[in-house]
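Look at the two complexes coming up: subunit A is in both, with subunit B in one and subunit C in the other.
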Partner chain A sequence: MTAGFPLDPVTGPSRILELLYNMKVRDVMSADIKTASRHSPLRDIQILMKENSITGVPIVEGSRLVGMVSMDDIIRALEDGRIGHPAESGMSRNLIVLEDDMPLSFAISYMEKYHFGRFPVINKNRELVGIITSRDIIVHLLISINRELEQLEEQDRAPAQQALEGSLNRKWYTHKFDFEEAGKASTEIKKIMKEKRPDIPPKLLRRIAVAGYELEMNQVVHSEGGHIEFQLDADAAVIRAEDRGPGIPDLENALTEGWSTANEWVRSLGFGAGMGLPNTRRVADEFTIESDESGTRAKAIFYLYKSGEE
Partner chain B sequence: MTYVKLQELIDAQFHHRCSTWERGNITNFVASDLMSDVLTVDDEDFVLVTSLTSDQVARTADIVGARAILLVNGKQPQNRLIELVGELNISLLSCKERMFKTCYILGRALSEEGISL
Partner chain C sequence: MHAKIKLQEIPELLDAEIIQGDAAENSIEGAYCSDLLSDVMANATEGNALITIQAHKNTVAVASLYGAPCIIICNNRPVPEDMIEAARDERIAIYRCSRNQFQVSGTLYRKMLDS
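Let's turn to the complex of A and B:
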């Protein structure tokens, strides 16, 4: 991560990453926005900025965003003697906008990438619903981090649970549409297996990795996010995938090859072909799945010393 | 088929060489832009031919044990993909030819080496 925002949305602590993905732009933005029309003189906008201590004013037509006038635009207009001209003559038109249901991590990467002080926020109908500044992000993050820390301190006082003798447990979190991180859990599961059980057949290793990857991608593509748990015992490896919903309305269909509810965007990334769950069931020695609105819970079991596999 | 031969046949460019690429003997290719489909293939040690350039191409290749990725259609990998194949020790090549022509040339060369598809 570049200097500036000291919170790394990729390698930061998992509690913080959870926050960055669970908090949405709409939770942090200011919904009380001062706007102006394209015909308002730049001078009026300058006054609006001064009176409200703000540094940018969205220019709207109804609820549609058509431009943005920033402090820089005002200064330029003053220099060129255009301060009496209408907003549309001095506004920026090529706007970078955020959507209200994007995770907060998006807003942070945008701040880093574009170096604007603020971003207009639009909803699904492309209407202007708010504005988000780095200050908004900092304030809300501090509040949430405080809350998390309190919880952690609380937990610290509780006695730590002992891990089972001889077995290994690992857990990874997945986040909705986070394709950059997706696949890390299965890559690590493969690594752990190679390290701890170098004697297991390559085909079995591959079956375990494929199941992990399919379940992980399923969470990223279809759920609100969740976690992947890996348990390695003496004679079996178990992958558990639990997400936070919205659940699979028709499990029977979801287990049918080719049936998919993924959108075009997901498909353009090479996924959502409707093979995930059927493929997981195919490669696992045992596979169970249950789903309701609160989430989907899947479990794939692999027996490590079944004979006959190369 | 060696990687040198593959490179000559389709005028491919190396972006990353895995640690064993010189000893590599390619006997199989899997061509698809759907990583979901690649995950259902039971073959091993193949070269993944695709025009997708997302990180998931490298992840998928690693999960199914592919030895190399060949990007077709003139697609160039982003730095992230190059870094990731480095971490996962997978070779990465690209060529300008389209998917079908690439597959045709490589398939013909494999048959000439006596490998039935």
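Let's turn to the complex of A and C:
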């Protein structure tokens, strides 16, 4: 791997993952872009690169991106004696672009996948708005990591938070329409329960798994992404689900079986039957949910040693 | 209906191919037939085979959460590689046949009654 970001967007430390998903491409890209037209001679582009110490120049028509000339393209043009030719003769046309509101993690996985040093960034209207390089990513990650570490040191100096005796906390991140990783939190919650509380009744285990799964799928299908938190105490298990919006406009409806806002292709995968929240409420011993535009926060509590369950 | 059907009988019974044969269990106790995963989550019980046309990785997650010994994919729907891998990890067998959900359910139901 040439780019080789040693970051694992699945199993890495949760604080780093949070950074990768909370930072957007637009926070990291440089918006001050040097562009050229398709008629500019490659020689002019070479000079533009030299003067601005950059390694790639987007070729535009108005605000529309039509190609990209990289250092490699310039070298090839020099070798073939085409340096006086117009940009369109030497530019790459099959461009891989990023969108400005994608999480930074996308940019990193694109770098890994395609081995390009830079990606043009477009907005919702498909206009060129910036360019992102691996250097941009590294610099901004370092700034954020510094900030995180500062906070951590700050916390260390503060009196230690009480950690409940024998309690366990885990957190998983969910991403919009990422059905690949969906189901992970609930599968792991079930494994943790089996390992840590082998004595709990199978029906209870099942109820916890159902709630975990439904809350997780809700975030994948309906939200911009969020996280699932699992807390296991001596006598209770708690699943908290928090997402980043857009919120549920009508909670009453969302808690009604069969009511769904899922789109066709989500339904074709077998999700979005309008059973998620009703299922969760039914299986939990206590269930609370609140929602506004900033996101939805749900909590399901299970009492582990209630009598009478098999 | 508490009769069991051995996993190894299923391929012949349904004229099904074995897509993934490694399983933690060796028999099924009943089956649940649905293409709505939330419905499966809510209503299938441990030991039930899952009869469905939903051939993707998430089907395995649901099957493993409720405790399915095997998944039976109907109508010869293609089974993606990542689904097979997930099923191997969770040790849930996958069978695929050209019959539809009604025919598969009927065949298994009759077999249960007979045994």
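Here, the second predicted complex is superposed on the first by the 237 of 310 C-alpha atoms of A that agree within 3 Å, B and C clash if a C-alpha of one lies under 4 Å from a C-alpha of the other, contacts with A are read in each partner's own complex, and residues count from 1 in each chain.
We adopt the following convention: a residue touches a chain if its C-beta (ideal position, glycine included) is under 8 Å from a C-beta of that chain, and two chains touch if they have at least 3 such contacts.
From a predicted model like this one, the values you see are computed outputs, not experimental measurements.
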Check the residue A:G117 against both partner chains and state whether it touches subunit B (first), subunit C (second), both, or neither.
-> neither
Is A:S186 contacted by the first partner subunit B, the second partner subunit C, both or neither?
-> both
So, A:G247: does it touch subunit B (first), subunit C (second), both, or neither?
-> neither
Does subunit B (first) or subunit C (second) touch A:E214, or do both, or does neither?
-> both
Where does A:P201 make contact in the superposed view: on subunit B (first), on subunit C (second), on both, or on neither?
-> neither
Subunit B and subunit C contact sites that coincide on subunit A, given as residue numbers = 179-180, 182-183, 186-187, 190, 202, 206, 209-210, 213-214, 217, 269-271, 273, 275-276, 279, 282
Going by the contact rule at the top, pick out the subunit A residues touching subunit C in the complex.
-> 179-180, 182-184, 186-187, 190, 202, 206, 209-210, 213-214, 217, 269-271, 273, 275-276, 279, 282
In their shared complex, subunit A is touched by residues of subunit C numbered 35-39, 41-42, 46, 52, 54, 56-62, 64-66, 82
For subunit A, which residues count as touching subunit B in their complex?
-> 179-180, 182-183, 186-187, 190, 202, 206, 209-210, 212-214, 217, 269-276, 279, 282
List of subunit B residues in touch with subunit A within their complex = 33-37, 39-40, 44, 50, 52, 54-57, 59-60, 62-65, 80, 88
